Amino acid sequence: MTAYRGVAPLQGATSVDVSFLDNRRYAPLLETTQAGVVVTGPAFADRLPDHVTGLICKAPYLAWARVATLFHPVEPPEPGVHPTALVDPTAMVDASASVGPFCVIGANVEIGTGSAIGAQAVIGQGVRIGALCRVGVQSSISHAVLGDRVVLYPGARIGQDGFGFAVGPAGFETVPQLGRVVIEDGVEIGANATIDRGSMQDTVIGAGTRIDNLVQIGHNARLGRCCIVVSQAGISGSTELEDYVTVAAQAGLIGHIKIGAKARIGAQCGVMSDVEAGADVIGSPAMPFREFFRNVATLRRLAKKGGGKGE
Amino acid sequence: MTAYRGVAPLQGATSVDVSFLDNRRYAPLLETTQAGVVVTGPAFADRLPDHVTGLICKAPYLAWARVATLFHPVEPPEPGVHPTALVDPTAMVDASASVGPFCVIGANVEIGTGSAIGAQAVIGQGVRIGALCRVGVQSSISHAVLGDRVVLYPGARIGQDGFGFAVGPAGFETVPQLGRVVIEDGVEIGANATIDRGSMQDTVIGAGTRIDNLVQIGHNARLGRCCIVVSQAGISGSTELEDYVTVAAQAGLIGHIKIGAKARIGAQCGVMSDVEAGADVIGSPAMPFREFFRNVATLRRLAKKGGGKGE
Amino acid sequence: MTAYRGVAPLQGATSVDVSFLDNRRYAPLLETTQAGVVVTGPAFADRLPDHVTGLICKAPYLAWARVATLFHPVEPPEPGVHPTALVDPTAMVDASASVGPFCVIGANVEIGTGSAIGAQAVIGQGVRIGALCRVGVQSSISHAVLGDRVVLYPGARIGQDGFGFAVGPAGFETVPQLGRVVIEDGVEIGANATIDRGSMQDTVIGAGTRIDNLVQIGHNARLGRCCIVVSQAGISGSTELEDYVTVAAQAGLIGHIKIGAKARIGAQCGVMSDVEAGADVIGSPAMPFREFFRNVATLRRLAKKGGGKGE
């Protein structure tokens, strides 16, 4: 019986490693890999060399996630509050939770079972954090309620005032921001991402949603369950995403619109109006994928023909 | 006489709450609201239910800002320097100012009357901060002068070196960045926004200007009074905005151009040349709003007609 | 003999200052400048006033970088670990290095000769930092190896987990992120930029590359030597840039593609497929510069002609 030691990429794996292939682009690496096991899909099954044991799965990436997690489980934090952390006497930190050096934990904060607060995080008064959360170093949270298993990456900013002001006779006048950020179970929020508190209602991030680095979520936005918002995308105030919506990188959504369930917003897309459930849109302004690429082809053809000189 | 208790959204307000309506999209909520008072515009006056007292204003959002502020005034900070903060002995912190835990305040820094420095802020030597400013947690300021009533949100980065280097025989060579950031009275700067110090001259943010989260302002940029720069927009080095310019979300301005007063740059717009005062531009490259939408309509028509097969 | 005192912009320089001109836009300032010396190119040589000594160079910006550096050399840090910093006993900090207040330095970290770690930086276990590096205040580094002369600006986030998860029956399941970030000599990384650790392989930033503020670099991306990535651009996971690639502001590159050496990606460009070495592309989707501007001209012409009413 072979005992496998760990996971490794196809080009670095040895006979005691488990490796992975899902993207056609990297299939040629199969020819030379020394991996003992390769997790992959049916399409690549007959390209595996003889010395490789194939784990052929319909959902190879999911299988890979689970195999790799077996070798690299998330380690529970060491319980305890670091002596340099400042924890308000009214805060309730579970005995199994961890609070890192130089953290500042405000009045009436609650931190649940097994949650870990990274070094130098600042958690404002009244914030509630559930169980098994991980709050990244140097992140800040205020006016917020976090469910269980929420992960914030370093520098994430949760709960600051949104961009709200009115035009007055002598300049802009700030509109008080009074809502919270409600982050449901299992949400992850990337490094240096920013999520503003609601103005009157709450900003809500639905259970299981994943938000990448440098994303902006405006006040009162409501994201459903299991949405994906990729890096540098922006969702303006009061816009609503139903469940399973994907917003690709650098896309921007105007405020006060609604994106139907399972819609997919393409990279750099500029969305100015509601999007129907299940729709695939791209372009700025947003349009169906098919229309976008037809437009691109049409314009290329016309430009070649016209040569810029008139028809 | 009814005493009103606070402010609340139309759908959550009770008879002792003041509420607000300005966006047609939410007008149907009037039918069921239990609010005691609704601040709104003339267009909605005759749709208010009988039990609602209307505060009908020409500028309802401004009225709302003021009403809400009466219920939720900004509280002055508790004066004093937190014992964990490191304040250089040459720094001058007004007795009415507040310096939070773990702050690092450099030599010759000045902090004015009633200003509040959030936890873990780092303020470099020589920075001057006026009266009634609020500096967000974990923000950093160097090489900068702030007027009065300036607000920085968490993680804002003010005054680091700009992106300046020349191509040398063995790689890039850094150009020393020697200017400051001058932030005039009443400016607000969003979470994780970045404003670089000038290279030789100063980067200037004019009085009353509002900058949203994750905005980038390059070295030597000069923004006039009461500009608005929405989330994730970027203004390249040495570009100048006159007064009352609006730059919508994710727009990008190339360097060394000038945007005339009251111009409006649309979301995701790519501005490669000067924009006239009062102009409305959108698209990448930027063009007048009308032209942009005419182009979009024309291309859609031609693509439908041509079907990608030639005419 | 005149002794020059420093450097100054054309409009503020006096007879003891050295100034600089390289952009035609500012040439009119030559007429009134009081500068003693102006570093400039041959194109402006005969426009210098009589009282100005010209330093006429083929590469004036490079010359300027060097002249300005003579007046403003980078000062070495004051060696020593600040008493408030927490340095793990197993960390090896060179005696000539500097560690600022409230820093948190993990187990087995190495910090080389003359490197300076800014206030409140957090450096995770096992990170290696070479000689003469400068790590900005409030930045975080984990799972990373830095060469010599690397500069991180404030709030930069290096080495956090990338955006990796698979769709499971009950929501997303995280894929363990196991690689590092390898940052070679002379790299600079802007304020609040984010660079994720590799998933299995490493994320690599080649020697001399310059990355601006708020840039996102996804897991497993590989950047060659002397690349330039301008503010708010994003490079998705597993994408490779060969040497001397320029990615302009707000451009976005999809994952798993390859950009050839010396290619130039224009501002706001959306790159969905490989780009050949030396190519100039712009637009979303990316196309050659010439084609892009021909398309823009063609569409404008057709829209004017058709007026939206059919041909």
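Order as written gives the chain letters A, B and C; numbering starts at 1 within each chain.
Here is the rule we go by: contacts are C-beta pairs under 8 Å (C-beta built on N, C-alpha and C of every residue); 3 or more make two chains touch, one makes a residue touch a chain.
The model shown is predicted, which means the values in this text are computed figures rather than measured ones.
Arrangement of the chains shown, judged by which pairs touch: all-to-all, with no pair of chains left without contact.
Mostly differing positions are employed by chain B and chain C in their mutual contact, as under half of the interface residue numbers are shared between these two copies.
Centre-to-centre spacing of chain B and chain C amounts to 24 Å, using the average Cα coordinate of each chain.
Contact with two or more other chains is made by residues 102, 120, 138, 155, 192, 214, 232, 250, 268, 284, 299, 302 of chain B. Of all residues in chain A, only 7-9, 12, 20, 23, 25, 59, 61-62, 64-66, 68-69, 71-72, 84, 100-102, 118-120, 136-138, 153-155, 186, 188, 190-192, 207-208, 210, 212-214, 225-226, 228, 230-232, 249-250, 267-268, 284, 296, 299-300, 302-303, 306-308, 310 touch chain C in the complex they form.
Residue ranges of chain C in contact with chain A, taken from their complex: 86, 102, 104, 120, 122, 138, 140, 155, 157, 160-161, 163, 165-168, 171-176, 178, 192, 194, 196, 200-201, 214, 216, 218, 232, 234, 236, 250, 252, 254, 256, 268, 270, 272, 284-285, 287, 291, 294-295, 297-299, 301-302.
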